[in-house]
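Quick notes on the structure that follows.
We just call them A, B, C and D in the order they show up, numbering each chain from 1.
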Amino acid sequence: MENQAQVYSHKDFESDQENRWCPGCGDKAVLNALHRALPLLDHKKEDYVFISGIGCSSRFPYYMNTYGFHTIHGRAAAISTGTKLANPKLSVWEVTGDGDALAIGGNHFIQTLRRNVDINILLFNNEIYGLTKGQFSPTSEKGTVTKSSPHGTIDRPFYPGELAIGCRATFFARVVDVLPKKMTDVFVQADSHRGASLVEILQNCVIFNDKVFANITDKEVRDDAMLWVEHGKPMLFGTDLKKGLILNGLKLEIAEIGKNGITEKDILVHDAHCDDNTLHNMLASLKRPEFPVVFGVIRDVVEPTFDHGVLSQIEEVTKASTINSMDELLVSGETWEIK
Amino acid sequence: MENQAQVYSHKDFESDQENRWCPGCGDKAVLNALHRALPLLDHKKEDYVFISGIGCSSRFPYYMNTYGFHTIHGRAAAISTGTKLANPKLSVWEVTGDGDALAIGGNHFIQTLRRNVDINILLFNNEIYGLTKGQFSPTSEKGTVTKSSPHGTIDRPFYPGELAIGCRATFFARVVDVLPKKMTDVFVQADSHRGASLVEILQNCVIFNDKVFANITDKEVRDDAMLWVEHGKPMLFGTDLKKGLILNGLKLEIAEIGKNGITEKDILVHDAHCDDNTLHNMLASLKRPEFPVVFGVIRDVVEPTFDHGVLSQIEEVTKASTINSMDELLVSGETWEIK
Amino acid sequence: MSTAKTQELDKVVIKFAGDSGDGMQLTGSQFTDTSALLGNDLATFPDYPAEIRAPQGTTFGVSGFQVHIGNVEINTPGDIADVLIAMNAAALKVNLTAIRGGATIIVDIDNFKHKDLEKAHFDSDPLEDGTLDGYNVIEAPITTLTREVLKDSGLDGKSVLRCKNMFALGIVYWMFNRPLEYTEHFLDTKFIKNPDVANANKKVLVAGYHYAETIEVLASNFVIPPAQIERGVYRNIMGNQATAWGLLAASEKSGRKLFLGSYPITPATDILHELSKYKQFGAKIVQAEDEIAGICIAIGASFAGSLAVTTTSGPGLALKSEAIGLAIMAELPLVIVNVQRGGPSTGLPTKTEQADLIQAVYGRNGESPAIVMAASTPSDCFDFAFMAAKISVEHMTPVILLTDGYLGNGSEPWKIPNMKSLPDITPPILKEGVKDWEPYERDAERMARLWALPGTPGYEHRIGGLEKDFLTGDVSYVPENHEKMVRMREEKVQHVANFIPELEVYGKHEGDLLVVGWGGTYGSLRTAVSQMGTANIAHAHFNYIKPLPKNTLEVFGRYSKIVVCELNLGQFTKYLRGIFPEITFMQYNKIQGLPFTTDELTTKFKEIIAQ
Amino acid sequence: MSTAKTQELDKVVIKFAGDSGDGMQLTGSQFTDTSALLGNDLATFPDYPAEIRAPQGTTFGVSGFQVHIGNVEINTPGDIADVLIAMNAAALKVNLTAIRGGATIIVDIDNFKHKDLEKAHFDSDPLEDGTLDGYNVIEAPITTLTREVLKDSGLDGKSVLRCKNMFALGIVYWMFNRPLEYTEHFLDTKFIKNPDVANANKKVLVAGYHYAETIEVLASNFVIPPAQIERGVYRNIMGNQATAWGLLAASEKSGRKLFLGSYPITPATDILHELSKYKQFGAKIVQAEDEIAGICIAIGASFAGSLAVTTTSGPGLALKSEAIGLAIMAELPLVIVNVQRGGPSTGLPTKTEQADLIQAVYGRNGESPAIVMAASTPSDCFDFAFMAAKISVEHMTPVILLTDGYLGNGSEPWKIPNMKSLPDITPPILKEGVKDWEPYERDAERMARLWALPGTPGYEHRIGGLEKDFLTGDVSYVPENHEKMVRMREEKVQHVANFIPELEVYGKHEGDLLVVGWGGTYGSLRTAVSQMGTANIAHAHFNYIKPLPKNTLEVFGRYSKIVVCELNLGQFTKYLRGIFPEITFMQYNKIQGLPFTTDELTTKFKEIIAQ
């Protein structure tokens, strides 16, 4: 936020704590991507605060050589809100899991997006409760078999992007643990967005939900399964980027460049900055196997932030106020003297 | 649900409790509309259960001569879920306010919609906390001046319909306290929908938020300000229903019949039952003064309900199970005998 | 003109009662303010209905305002009224059990018609059926006379009726020989944009005064001379307002911005309302989505260096339990104000009770000691809110401050303090540039760790809810470290005893009976003990619950009997027994949503002494 | 073949320790099951790392399983091990302080290379630097030998390594003269789809056995003859599983379908897992969005007539506080199982502690009495879960059942009961057709109101969290009614004392010292007291906390000294002092996330008696 003289390397952000995630856990890739993103940003090291709830992913702050707070389950959004409001010059990153944010923390999650507090929310979505050893989460697809759903789940899942847009979120992006460079890029964009920046990270839990995203991330399917959007660019995917999205009425369809006279010009160009969230919602909800899953910054619009609102109201009230110290307040209004 | 021999009148549903709402409170109109809706439904009187949280609106169960539970603040959705699951033949109605459902109860609200529990949710939205004497709520428009926001609110509001659609809700309708007959109609439709039926009721709080909906309900503006949708019917409004909605790309626009060659045929026909919720979301989010506010059943689609899923899983497991009594369970697996 | 004579009185309890819409709160406050200006000591208690605005004329829609004034020290709003103003039948019905035999009852006879009696559930007319035998009943046609006075005012019917409370006030002003100027001035200011309404009200006020002077029914009127009150500038203050101001004062003194994370709940909401008015002090106020968010937002703000506060009442405190544990573990300052109400569950939300003490002390998982304090009068809510904030930031751990609905909504004259006269607050903020600092390092005196604020270079560190290493604050599963930390957190709280005043008694230095109370029962207990005449009795009142004042045991030892009086089933008693197994505690409890009355207390005390 | 001689032993404590991936839990269970089949009494305790799967070879990734077997009564998994199997250097490091001097230590020498020592934070090699002087160390190249045995098996390297735990098990089977059949059969069943793997494991098991038989280092092997165990059919059962089964049994007995609303939390989650398996009993299981939803969904189900249950651990109990108050006010049955863990806050989630007692008893707003019980062994979790359900539905009020991580994860042989032998459960369900019934009418004996289930014609009524009229259940603000209801709710809970067994003591009927405990410390206290020889001592163990058994005071009166032993700072002690001010309680506390050891207890008891 403020200009800094110092130039940081990723090492500056690595803490001395032994990493306790399972070998092969996707969380490590995210950590690395973030270690690499921070030096690209414009904050002083001492201004970073990482605040997490409880879960495997919520151990994140211990591995960051910044200010950090590993709080209680589900409440990281509220605690982050408090920290940001109290000192708006801090760069506050909330780290949370699909259980932490969307089960117990569901309320704070939606309220934080609604209020548009200027924090970055890293939502580690592994579609499972890792730390408690493998129960289904609110993002587990229907039918998921886990220790607490031996016959498959009955719940329909949440789709974080759709839920966020239901709260009129101003920033929503999706990344995946296997593509660290792209993660770093998106983290940088999340930071530069003023307001609540929600980044959904598809993260593989090797122990309890291994390969849940394999149908998206496997090398063989990846090209057809991922569509990376970029503001101002046509929404292309597939090997050699020969497929793209077009609109038919209120529905998205896949078109192949070169077939049926389709050229790149026919392909929808991504507008992350348009106020109307209809298309963003459609993009966020595309699912395999009919469609590719959309990655990158899907929505990024400017709206007043809550923290800024709080500050400017304080300023306005202060300007207008005639009572400016406690001694003045104490004798204001009706008083009388006993002599 | 089950066929009933008995025919009820609204009097059968009136309890003997003195009504304690403020004179002129919109809650009373809702109560009357519901007293009149129940006799039109197919449940036995003893099968109705009204479950509320805390708030002025949550006193509702006391005025219903049915089973009722006035619970704690924000938890009516969870408690209703339990009651419905425990005895699926009951007709469970959750009664809640904008604070009860969308502030403290936000999490249970979204999870209940996500799970698609077969209950009816009456959300009394007066954009204020009534019972605690007038603080802003999560639905209060930005800038609202209340006792706790003497300088206007900074929060952006929730729009219940949008939030619900973000949870993939299967039923969303909107009504208003000043049109009791329409309320009754919609309550009947909510009841016949299997799954979570969310009815947002715009309700006037005469004491703390009087006339907040006047720009919609005032006799002079009403015709232009309200669009009542009905499945399969064109979306018309205005005096003599001469205006209607048309689609321009991904945006809704207002067209006037007779102008620019527009006829009734050009007007969008409402399809409440289509799976895709894009248009429903657009309808739910129309706002004054650019657009009329949309009322009636906006979305009503069939999806498996949570309660049905729970029951059928029990049936399946029971069929497949070889252990069917506690005595059998106790001696199952590894045992040994000491002689 | 009446020939009534004027009598001098020591003190009197007056209750104004009417429909929610009748303006009884305003009427009562006017009488209070005028009396305060005359130098009386006083205490008040408003008594709102649970419903926002119940149908007119019903018993559950009655709103009351009781004021106790005197030329002697006044500690409570009074048990029962000497004068009742009943604006309708329902107001009489509701208050019948709360007036002294022989009391004066002024009724607006216009609202005792058949339908009024019915709504009030009177089977027959109480003005005729002997119900009021033994009372001095003044039947005034208040509504009719108000209409009459204003018939040419040009005001509409509804506005005219809104003036009738001024007629009643006029009568009472005459009865107690009070001047009208203060209220006339108030009306002019309040209706500055509407002089017609101001004038109408003033006219009716004067008419009421003259009516009382004229009619013969009032045998006499009274004078209550000024009390012996300490010199100084005074104001009236309500408990919840005093709490809010105490917190603001602590913010100014400590140099830490106030940060409130709160969710509305009766009867605590007024603190949120009050603080929302003073953004010019840099106070940040978040009305959160629920109690859990309220406290968590505050904890986040505390981490960042604010004077963090959350306010609530019983059910809300229950919801905050888990997060309080986090603040204890993270050793962050946090003030939790709990304005108690009747429980359990939703209970009696508009009534008073002291039944959250044990929740405040014990209501969390694990060994999670919090400092617990309690205010005892509307005005000392200021002092204890200030002290709660001071102790919390100086000792780096949460403080729970208990008040109650009776204190929060009650008001009394308050000698305005000077900010300079308040103690300093010195939060242990870690200054830039210190070497070799460890996050859980602590000073010997207070055992408080240092507050290293995010944004300060070089102190990057991580805290959290898992058990912490004694020095580094890193996560530690070491068994001995856990035991050390559990004992340290308890000891740190106990250490606060070195920083709080010792317990003082009122009455005999030693004797037959020590009356023990805590929190909001101060007024009733002090009054009762002072009325015990020559009995060998004293009163010890606790504001510091955990830790207790250091001399507590010594004080207890000076009396042969101890009775702990509480508005619950004996929570403080149980707590004291756990700490002082060597002392025998008797207990006296009431749990009716109401304060103790002097009578029931003195009766009990005499009984105990006689045993 | 070895010429070792066979010795007879009374009991032995064996600890299997290795990397999380080394299969130590399975190894331990196999040894346990085989010993159980031979008729030994036993108790076990698994000791998981907090991390799911930490990097190989690190100390925080060590997983252990301790088993205590004997031909005498065994009440605990044992304080310290007589035999340690350490699959790598980290496993040795972590367990060094938990083995008896002179113990036998079997190490896999292949995992004591330089990098292994480094990861385990050994500065020098413990096998050489004298660290293990005084122990009987057996250095076996387990990994190498396993590889050797399976070199022609066709299995890949990873799968081969997964068999090495069987080598260790084989060694231990030889040491204690156990047959291999049970485990061989187990392996055949477990890998029924993968006979290659089954055969490989069996081969390695036999190889280990033969290795031990062959090498000369093992001076002797041991026999532990069967214990004197009551006749009957037995199984091993873990505490959490027993809790689940007790609830299922109560459901069958009461005719009320089980309904669980729960949210995962360590160490309670296994109850949810276990119950999720038995939908064929009609049990409805909802994994809710959080603890509050979990309890509220259960309350909704209780209203509709289910046997409603919610399960959690400390922080979750804190979150449920408010809703428990609702169930108390609405007088609905509800079983709340709290599997305690180390606190405060997130604390030590995988460690055991008894520090939620006071939260269970007091942690709610207002006067909100709940029945509180505690199980004391893994297997009696069945009995107390059953009783909690019985009491809750029969008395129509919530019951909090406390267990802990030590009980929940521990296991022991359990004599399988017969459903007929369990007491009946008769919920007070209101039958159709009763006239003149009132919602809050109650029977004299139990003071329970009747359960009028939605769906029953004619009983339409409203309940809720506001104070209720004593009879009609309508909302009531009447002061006297409130006091009556508050006292009634407390009394109703106290009345349960008439329905529970009296307190029994183990040891002397009267004497010098009564050792008092509650819940999960049963095994340690009983063992310690039994080892006090001729001392005039007895042990009284509480399973019913609120209300206490009726004869509690009488029992206390029979001993000159009483010491209350708890894994907290003295919560039960405080509670008892509040109830029995006439009794002097000493206390002995430990708060390290670990159970008491017999040694520390007997030392303490002797000290007290000598005083």
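The criterion applied here is as follows: a contact is a pair of C-beta atoms (placed from the backbone, for glycine too) under 8 Å apart; a residue touches a chain by one contact, two chains touch by 3 or more.
What you see is a predicted model, and the numbers here were worked out from it, not measured in a lab.
Taking the mean of C-alpha positions as each chain's centre, the chain lying farthest from the centre of chain B is D. Counting C-beta pairs in contact across A-C and across A-D gives the higher total for A-C. Put simply, the C-alpha centre of chain B and that of chain D have 44 angstrom between them.
Chain A and chain D have Cα centroids separated by 40 Å. Distance between chain A and chain B, defined via averaged C-alpha coordinates, is recorded as 30 Å. For chain B, residues that reach two or more other chains under the stated contact definition are 54, 72, 104, 106-107, 111, 138, 151, 310, 313, 317.
Shared interface positions of chain C, defined as residues touching 2 or more other chains, are 60, 279, 289-290, 315, 322, 325-326, 330, 345-346, 464-466.
Of all residues in chain D, those touching chain A in their complex are 51-56, 58, 60, 263-266, 269, 272-273, 276-277, 279, 285, 287, 289-291, 315, 345-346. Remark: chain A residues 18-23, 54, 56, 72-74, 103-104, 106, 129-133, 135-136, 138, 147-151, 207-208 touch chain D in the complex.
Considering their complex, residues 50, 60, 313-315, 317-319, 321-322, 325-326, 328-330, 342-349, 351, 353, 355-356, 358-359, 361-368, 464-467, 477, 479-480, 482-483, 486-487, 489-490, 568-569, 573-575, 577-579, 581, 584-585, 590-594 of chain D touch chain C. Residues of chain A touching chain B in their complex: 104, 106-107, 110-111, 114-116, 138, 151-152, 154-159, 162-168, 247, 249-251, 276, 278-279, 281-282, 303, 306, 309-310, 313, 316-317. Listing the residues of chain D that touch chain B in their complex gives 33, 36-37, 39, 226, 229-236, 245, 248-249, 252, 257, 259, 261, 278-284, 286, 288-290, 292-293, 296-306, 308, 322-323, 325-326, 330, 416-419, 453-466, 474-475.
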